[in-house]
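In the two assemblies presented below, chain A is common to both, partnered first by chain B and then by chain C.
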Partner chain A sequence: MDEALKGRDLISVLDLSGSELDALFGIADEMKKYAKSGTDLLKNRVLATLFFEPSTRTRLSFETAMIRLGGNVVGFADPSTSRMTTGETLADTIRMLDSYSNVIVMRHRIEGSARLAAEIATVPVLNAGDGSQHHPTQTLTDLYLMRSEFGHIDQLKIAILGDLKQTRSASSLCFGVSRYKGVKLYLISPEPLKMKQEVKDYLEKSGIEYIESTTLDQYLGDIDVLYVTRLQKERFADPSDYEKYRGSYIVTTEMLQRAKKGMIVMHHLPRIDEIPLEIDYTPNARYFEQAANGLPVRMALLSMIVG
Partner chain B sequence: MSQVRCFVVKLPPDATPSIRRALRILGDPYSVKIDLEREGMLEFSSSSPSYALLKISLICPSAVIRERKNGMEQEVSDAFPEWVEDTFVCPSKNCITAQPKEPTKARFKVVSVNPPKIQCYYCGRYIDQGALASQLSQDSGL
Partner chain C sequence: MSDEETQLLIRRIKEGTVIDHIKAGEALQVLDILGITGKDGEIVSVAMNVSSSKIGTKDVVKVANRFLRPEETDKLALVAPLATVNIIRNYKVAEKRKVELPDLFRGILKCPNPTCISNRKNEPIIPTIDVVDKEVPILKCRFCQRVISPSDTLLIA
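Now for the complex of A and B:
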């Protein structure tokens, strides 16, 4: 087992180098064998899950990963059992869980909370999403799918569609692709929901080429990956903007017919109506595989960090 | 023991609140001694002035800072520190540093000095000239 990640925190996908990502994906390939049968690699180890913000997919995926690795899980999934009602600070909650567990996975609405947790905890902290910037394990899952699909991530042309301002999977993916060469990003969003300047500056600094646009149509023939995010009405300051934009951010079969051959459609799920059901039956749909990959990827991560 | 250096800061005429603020932040932690303060002008001395130089530059980018050496004023060529702690507040209500009971210490990466732009270590948000200026005008008591 690769020792490089042992004991490390994962707050941002940028905590991992390109070669560490490669190593992790290699182990994820191995873990696919144990995704159903299980191993005892992390026997007697305890994962603490702290979900201050509701999550089904990420939490279940982490918990299943730990159980398949032979470990145990403690924690809470219901924000009402957390400090929001008891008034306990995050710092105190972390100190308690730190003494019970070998690794902590947390999600919190407050930005920077995972960083604080990592400063306090002596065991590794894995960020399962904080605020609107970081969601490293989602990005690992996303990159792993692209690698499996195309055999490489370098040189891919990736469009990210929807609410780029507040979707942490979107900004996290931007950080993640900066570890690869020649990737080109197409950031497609309504004007009020454009990608944060902080993230765009990072892309520039990292030499990642990107285009910003409010429409996808003109790029359909170029892109290899269409990464779709939710467009939520409550995210618009002006509700009439939602009605105005919403139609342009729904994937249609007609669009897929005009797309580059082999283009895949990804989504971090759950979806609302931005990917209609009929898309599920097209050869482009990959979001269910993407979600399923979360298990071997998180098994690989846990085994490398805790093992 | 490193040498004490003297600096002369010329501030724009409307920068009186900035001077006051500068005075407040140029205290003990950075071993800065204010030698002279009057309208549009500040003189200070320090053996480790890099933080003071950075903070004055962030607060008042149009300030002209010169070093007094052997009775002559000359340009300052010190490199700015990469990080600045305390002093500023992250404007995001959704940032962990805005949670009063959590044990965090505001910490910012200096992205650019002119124009002033710093980035919160915890939430990654920029605090630009406008936000820094509004912290000054609110006189947040820091």
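Now for the complex of A and C:
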């Protein structure tokens, strides 16, 4: 087992180098063998999951990953069942779970909470999403799918569509692709939901080429990956803006016919109506494989960090 | 106005701090970042737009009986990166400091992002701002990782 990640925190995908990503993906390939049968690699180890915000895929895949690796899971998926509702600080909650577990996975709406947890805990802390910028394990899953599909991530042309301002998977993916060469990003969003300036500044500094646009159509023939995020009505100050933009950010079969051959459609899920059900049956749809890959990828991560 | 005339304009201090070579017109920002309001009774002299052989025109601030701590000198770099700080004892320069951004500000500046965990009052957290580029400069909150412009930083009272 690669020892480079042992005992480390994962707060941002940028905590991993390109070679560490390669090593992790190689182990994820191996872990696919154990995704159903399981191993006892992390026997007697305990994963604590603290989800202060709702999650389906991230939490369940982390928990399944730990169980498949022979370990055990404690934690909560609903903060109302913890003492945090009585005003207990995050720091105190972390200290307690630090003493019970071998690794902590946490999701919190407050930005920087994962880094605070990492400063307090002696065991590794894995960020399962905090604030609106970082979601490293989602990005690992996303990059792993692209690597599996194309055999490489270098030189891919990736469009990210939807609410780029508030979607942490979108900004996290921008950080993640900066570890690869020649990637070109197409950031497609309504004007009020454009990617944060500091993420774009980071892309520029990292030499990642990107285009910003409010429409996708003119790029359909160029892109290899269409990464869809959902527009959320509550994010718009004026609800009529939501109605105005919504239609332009729905994937249609007609669009797919005009797309570059072999283009894949990804989504971090859950989707609302931005990917209609009929898209599920097209050869372009990959979002279910993407979600399924969360298991071997998180198994690989846990085994490298805790193993 | 010559440097000599400037000396006449602001009288010498026996003990305290002289902040020299402040960019012309920015002395009030220097007072602000150091939390010098005049309400604590200290004698403060401010000269603005006086001539300087080094930088054309400059501002000068003299604060009697107060000796800037090194971390206060660090803060000055945010508003007066070219300033020099002289600690005066018995009318003589006892120590000369160059203003320079430190590698990080710990417990001195707070993150301007209201949704950052470091702004939660009940958490035991020391706000930490990393200086990721001293030239531009670029600051970054250790916790939420937001890039912060020096003009957006907030002092911890």
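Operating definition for what follows: the second predicted complex is superposed on the first by the 304 of 307 C-alpha atoms of A that agree within 3 Å, B and C clash if a C-alpha of one lies under 4 Å from a C-alpha of the other, contacts with A are read in each partner's own complex, and residues count from 1 in each chain.
One rule holds in what follows: a residue touches a chain if its C-beta (ideal position, glycine included) is under 8 Å from a C-beta of that chain, and two chains touch if they have at least 3 such contacts.
From a predicted model like this one, the values you see are computed outputs, not experimental measurements.
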{"item": "Chain A as common anchor, with chain B and chain C clashing or fitting", "value": "clash"}
{"item": "Partner chain in contact with A:49 - chain B first, chain C second, else both or neither", "value": "neither"}
{"item": "Touched partner set for A:139, first chain B, second chain C, both or neither", "value": "neither"}
{"item": "Touching partner for A:89 - first (chain B), second (chain C), both, neither", "value": "both"}
{"item": "Partner chain(s) touched by A:172 [first = chain B, second = chain C, both, neither]", "value": "neither"}
{"item": "Touching partner for A:113 - first (chain B), second (chain C), both, neither", "value": "both"}
{"item": "Where chain A meets both chain C and chain B, residue numbers", "value": "89-91, 110-113, 115-116, 131, 133, 198, 201"}
{"item": "Residues of chain B that touch chain A when the two form their complex", "value": "92, 94-97, 99, 101-104, 111, 119-126"}
{"item": "List of chain C residues in touch with chain A within their complex", "value": "111, 113, 115-118, 120, 122-125, 141-147"}
{"item": "List of chain A residues in touch with chain B within their complex", "value": "89-91, 109-113, 115-116, 120, 131, 133, 197-198, 201"}
{"item": "Footprint of chain C on chain A - complex, ascending", "value": "12, 87, 89-91, 110-113, 115-116, 131, 133-134, 198, 201"}
